[in-house]
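Chain IDs A, B, C and D follow the sequence of writing; residue 1 opens each chain.
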Amino acid sequence: MPDGHPGALLALRGISKSFLGVGVLHEVDLDVAAGEVHAVVGENGAGKSTLMKIVSGGYAPDAGTITLAGQPQVFGSPRDAQRAGVGIIHQEFNLLPERTVAENVYLGHEPVRRGLVDRRQMLASTRRLLDSIGETALPADAPVGRLSVAQQQVVEIVKTLALDARLIIMDEPTAALADHEVALLYRLVRRLQEQGIGILYVSHRLTEVFDLSSRITVLKDGRRVTTVPTADTTADELVRHMVGRELSHYYPPRATPQDIGEVRLTVRAGANRKLRDIDLTLRAGEVLGVGGLQGSGRSALARALFGVAPFTAGEVVVDGTPTRLRSPRTAMRAGVAYVSEDRKGEGIVARQSVLDNALLASRAVFALRSGRTARTVRVRELLAAVEVRSAGDQQEIRYLSGGNQQKVVLARWLAVNPRILLFDEPTRGIDVGAKSAIHDLVRRLARDGAAVLMISSDLPELLGMSDRMIVMRDGRIAGELPAGATEEDVVALAVGTVRETAA
Amino acid sequence: MSALPLSPARRPVPGVFVALGLTLAIGWLVVAIDGGQLFNQSTTVSLLHVAAGLGFVAVGQTLVILGGSLDLSVAYVVSLSTLVAAETMNGSNAALLPAIGLTLLVSAGIGLFNGLLVTTGQINPFIATLGVGLLLKGYLDSRYDGPAGSTAPALVQTLGYQRVGPVPLSFLLLLAVAGACWFLLSRTRFGHHLIAVGGDPEVARLSGVRNDRVRVTAHVLCSLCAGLAGIYLASRLGSGAPRVGTEGLYDLESIAAVVIGGTALAGGRGGVVGTVGGVLLLAGIDAIFNQLAVDAFAKQVVRGVIIIAAVAVYARRALRKADR
Amino acid sequence: MKRCLAAVAAVTLLTLAGCATDTPVATPSSTESAPAGAGTGEQSKFFDQTDYDNELALLDATATGPADKPWEQALNPTLVDTTKFKKAGPYKICFSNAALNNPWRQVGYKTMQAEVAAQGDRIKEFVHVEAEGKDQKQIADINDLLGKDCDALIVSPNTTATLTPAVEAACQTGLPVIVFDRGVDTDCPVTFINPIGGYGFGHVGAEFVSQRMKPGGKLLALRILPGVDVLETRWSAAKVAFDKAGVDVVGVEFTDGDPAKTKKIVDDYLQRYGTIDGVWMDAGAVAVAAVEAFQDAGKPVPPINGEDQLDFLKVWKEAGLTAIAPTYPTYQWRTPIIAALRILDGQQVSSPWKLPQPTITQENLDSYLDADMPPLHYAMCGCTDLPGYPQRWK
Amino acid sequence: MTTQTVSRRLAPLRRWNSGGILPILAVLVVLLVLVAARQPDFLSPPSLMSFLGRSAPIILLAAGQYFVIVSGEFDLSVGSLVTAQVVVAARLIDSDPSRTWPVVLVLLAGGALVGLVNGLITTRLRVPSFVTTLGMFLILVGAVYLWSDGAPKGGLTDQFRQLGRRAVEDVPVFGRLPYALLVLLVLAVAAVLLMRSDFGRTLVAVGDNPRTAQLSGVRVWRTRTIAFVLSGLAAAVAAILIGGYGGVSFQAGAGLEFGAITAVVLGGVALGGGRGSVVGAMLGALTLELLFALMNFYGVSGALRPSVQGAIILLAVAVSARRFSSR
């Protein structure tokens, strides 16, 4: 694997950028060789995304130079970057649900014959690209809106391939992928390498970083801390570089048998369009981990319990009384809270203040329970308790880092003292520091007698946090695992290589 | 992966044509019972003429709405272009082509202005085009105290009153323009980009689409269509009329026709075919009420109901699709 | 600092707009942006001296015809032969109406319907199509009516110039065409029926106001909309009168027929000039609002003209105004029916058929007041003898 | 075609106008200076009070429109609603004093009802409010003409009219206080308090991100429907004041919907929702009214006014857009 030699495919020198006088990047240097996977890691707010945006033409740097294959580049727009051969795969999808796969793949550079879009060729080449990555099943003329999350991710990747990019930036590409799809992504990345394409790989998941990259650059507070060959470093070392904390004391201690109390919630033969014969119990003081692939029904389960897409069959008992969780409101009244995996779309109210965000639930459902001032005081305490870092609680939440936004969302729910909490990927896209803070919080809630259901695609997190695990597959509970199960056990159940163990 | 059935994308002809069929059928029946006849030559011709006027504007409006914008200035653009055309022609066939050219130039200019306000000016299209409308209104009010100029006879005889069987030349022209727009949307980069911009500007931008350029172009085309409508009206009226656009309510009615035609007001979904259907539906209602000699106020009510009902139906559909 | 920029721009904008039209106030009908130096600004290009002279002459002409039926009278009639249209009844009469969107047209149309009813079985069918004030639609309507084998076609054009081609097309079918209210630029119709017209209306009001107000006093002209030919002729006649009388026209404003807007305008003018010595209107719609504005401001109501709407006549009586009400009588809606039947009988009719255009003055005011009719009813409807009176008009 | 997508389409536009009322205040001050320069006595208490009084209806309409817009919707039906209400009032009262107050109640109920229908169609049938209220606009106009076959009937009593027309005279300092102004003050305060209340905050949250609001237990459809009802009520009060001020006419409400929306946007409220203050909206309306008065004072040719108005609106909005898009 070539090291950063002068003939690097991409060479960044002294890149700096600041917004409204706040420095976000300070003189960052970085090289990517052809056929190299260069990982960039760092806490949120370390400047990763800004750097990526600069390389892909989203922002123009205040200072510094971008050189691509020896040619100095100035990117005025994403289009310029694409022309120069830089493709980017964003964390959240950039696809048009109303349009077909082909139309999405070639959006912005449709093949034209005699001035007209050549639909036949568009379909053909899209199919070819899909085949080249072994996605033969995916029809090029299906509207993207009808595809599964994973399939859409594939379309995203094909999109960059269609630009025959020389350098591909992958920003948290696996965030939405289930593990076996990650394997596919690995294959894909290898293929790209073989074609001599350089890859800038941004991820919070250190496993991937170690599996894929040949070099790793650590960013912290907008500065490059170090760039090391992957072979010569360890996860602990990286995390130290990123936050200056050992990886070991990462997960809080599990619940002890006496912590675990009475049954809070029971589901018998629960089912709806996405779920079948769901039987499960949640106990006070316990964290129940939910594993499984994307689309296996994990989120559907949480949404059913919160009344977003309710069970259409079966029985739900909350604290001993049969309850129909018809809507979020009824669920909340029954003491259920839900933290969605889509923080931007379903978690925060971006343009409102931190305080308003934290008060949202109490105002909506329990407005009459307590006096307004009392409520506000309490919420302020909670915000402090979860250690939200913000310029005062009147600051608009969109200016906070992902981790702090998530803390505000937590505070919102704590304010209505739920007895059953449903977390869907609570730490996705959150930096290491905030991650552990949230883990501690979840554990504390459990210890204080709440029943917690926690969905996670991040296996170490799942294994580290859960007192008990269920693994979903095809809308059913494929099996249950005790604490201390291994990643292999989970994956095996998730992909169905083993007999289902009776729950 | 997923068990979703992945049928290829179908872009079905909007349900508006079903509605149109039903309306005309029922209308024909009612009129027949009333002792009249809906589809005689003269009525059909009138219907198609009314459709043509609104049609040009609505087709243009479709483009901007598809692109996630809106144009409330069209009514004034129509009035202005009747005047520009008629005054430049001033009754002589010689000046015909220059006049048409000038008219289209002027309207294109206004479209450009709208587009720039919305894009570089970063003003909400609703307000921007409303403001431009006011600017034009002031110009028209202060400069004209009534019809002015006179249209070239050649144009009056052809575009204005010429017809093939029961189909006026103007309506054929409308079909041609609509066809061109359909082609533009489905077969050119601009079309693909426009729909993308309307569907999700951010996605379009990150895919290297020049959103602003696309939006501006859409606004120019929309105004051009309005200019065309103006030229047509000039050919019908034999002169320029400073109030014809506003009296015709072309701003709101064009938007109504577009949404009835199944184009999403949010942009990114729909097309000109549906719009033509919507226009014909509105014109059809006109014709039916004429035959029944029911006064226009009742028609207003019916129109209102139909607009809401139509869009409600589309919303249902979209919902069902989302469920799948 | 961008805001300052806006401020500056706003200032310039306003002052510019202000300067361009400050003193004397520009007339909206000026075809060039800069108004002429004196009086009420240059004359509208629609002003036609000969028409103007004719109409003013007609004001003093004596009408021929039954004295108690002004809608059958004609001023200086010039009879035309209509034998070629003679045919046996009962008839199907078709009417292409410009619009029904204001009280005047409503009262008129009801009067016409009543007239049709009064004619009994002579008319077997009366087809009415309304164009909602859209030239484009009325052209289509007329074309549509041509396919309905009508015996006679009555047209009340939405706009003179723009409806001419359609009316000509109608004439070519050999159908007797009768035009009323607004005219068309062609002689092809059998006759064109209307009262004396806009010049007369504008002149009478302007003469009265300028004579009663103190010489060189300040006058405010309130108009409905620009660009409506009928109203333009009224204003252009008024301008002549004001310039002749040397009246200082301090403002020409458009009210859109909106009473609230009218009151605001009058308010501000009172504040700006202290007193307004005369008010002229091109239509009566907002006359009452204008009067109220003076009353609410605690100022004496200056000489003013309205129209024959009952609400104005009522206020006039109660407040003892110095007022006059030139009219554009709604009884003219009866005449086309009468004319149509005469034509189909082959009788001679006058073309053009100029109806008398009475003026309501202090003297005859009481004879037109009628407490039982709705406030926006037009006194000059000539409908009291028609079937269904008064219910039909309430 | 859900309201969400509409707001999403307008989302980029949101960024452009931030909620601050500074820009509108600036414009207002500029206009005041211009008035003072030309017409000093305009600023004398009595005339100022009358001005505020006559501006009350449009200010109330702007406030009503604000509730709808900040929740991410449009209400194009208010203008026709005002017209309808005035005409209905005249016919129902029919110059009979004893009917005045009952009819006022009827009007308020009617306004609320129309708002309710708008809201339910928009939220329950998922029809974009632009279309819903456009349809309602046509329906109301047509219906009221039908009902009164084309010409307003009956008449308003002085009791009805005094609210919009009369004032408390000889008040120390102020000279005179129009009833309309008092009504405005009361309702304006109410509006401000409402926006500080739980409902108000929730309303803004709904306009900002309906999905999050719903998942936090907010009944989004209910909140938005209430916004429409409030707009309808505001239109009803405006109708009472306008009818009082001007009397019966089919023109009573013509074009007010666009006026109100323009005012709200001038006030720094973002179309698409989630941004802006009710105070800003009302100031926006006041600014528009002041602009009209200004043009009367400067003798701007009646025919040119739309241009001046249009130019100033575009300018103000563009500048505030620029000012706040710096990020």
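Everything below uses one rule, namely that a contact is a pair of C-beta atoms (placed from the backbone, for glycine too) under 8 Å apart; a residue touches a chain by one contact, two chains touch by 3 or more.
The structure displayed is predicted, hence computed values, not measured ones.
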item: Chain B to chain C, fewest steps along touching chains; value: 1
item: Partner chains that chain C and chain D have in common; value: B
item: Of B-D and A-B, whichever chain pair has more C-beta contact pairs; value: B-D
item: Far-end chain from chain C, centres as C-alpha averages; value: A
item: Chain A and chain C, separation of their C-alpha mean positions in angstrom; value: 72
item: Cα-centroid distance, chain B relative to chain D, in whole angstrom; value: 30
item: Separation of chain A from chain D, taking each centre as the mean of its C-alpha atoms, in whole Å; value: 44
item: Chain D residues counted as touching two or more neighbouring chains; value: 145, 150, 301-304, 307-308, 311, 322
item: Chain B residues counted as touching two or more neighbouring chains; value: 141-142, 200, 202, 269, 295-296
item: Chain pairs that touch, as defined at the top of this document; value: A-B, A-D, B-C, B-D, C-D
item: Touching residues on chain D, where the partner in the complex is chain A; value: 14, 198, 201-202, 204-205, 208-209, 211-219, 274-275, 327
item: Residue ranges of chain D in contact with chain C within the complex; value: 22-23, 26-27, 30-31, 34, 39, 41-42, 47, 50, 54, 57, 145, 149-155, 165, 242, 245-252, 254-255, 292-304, 307-308, 311-312, 315-316, 319, 322-323
item: Residue numbers on chain B that touch chain C, as the complex places them; value: 40-43, 45-47, 49-50, 53, 140-147, 156, 160-161, 233, 236-239, 241-244, 247-248, 286-287, 290, 293, 295-296
item: Residues on chain D engaged by chain B in the complex (per definition of touch); value: 1-2, 5-6, 8-10, 12-13, 16-17, 121, 125-128, 130-132, 134-139, 141-143, 145-146, 150, 258, 261-262, 265, 271, 301-311, 313-314, 317-318, 321-322, 325
item: List of chain B residues in touch with chain D within their complex; value: 68, 117, 121-128, 130-135, 137-139, 141-142, 198, 200-202, 252, 255-256, 259, 264-267, 269, 295-305, 307-308, 311-312, 314-316, 318-319
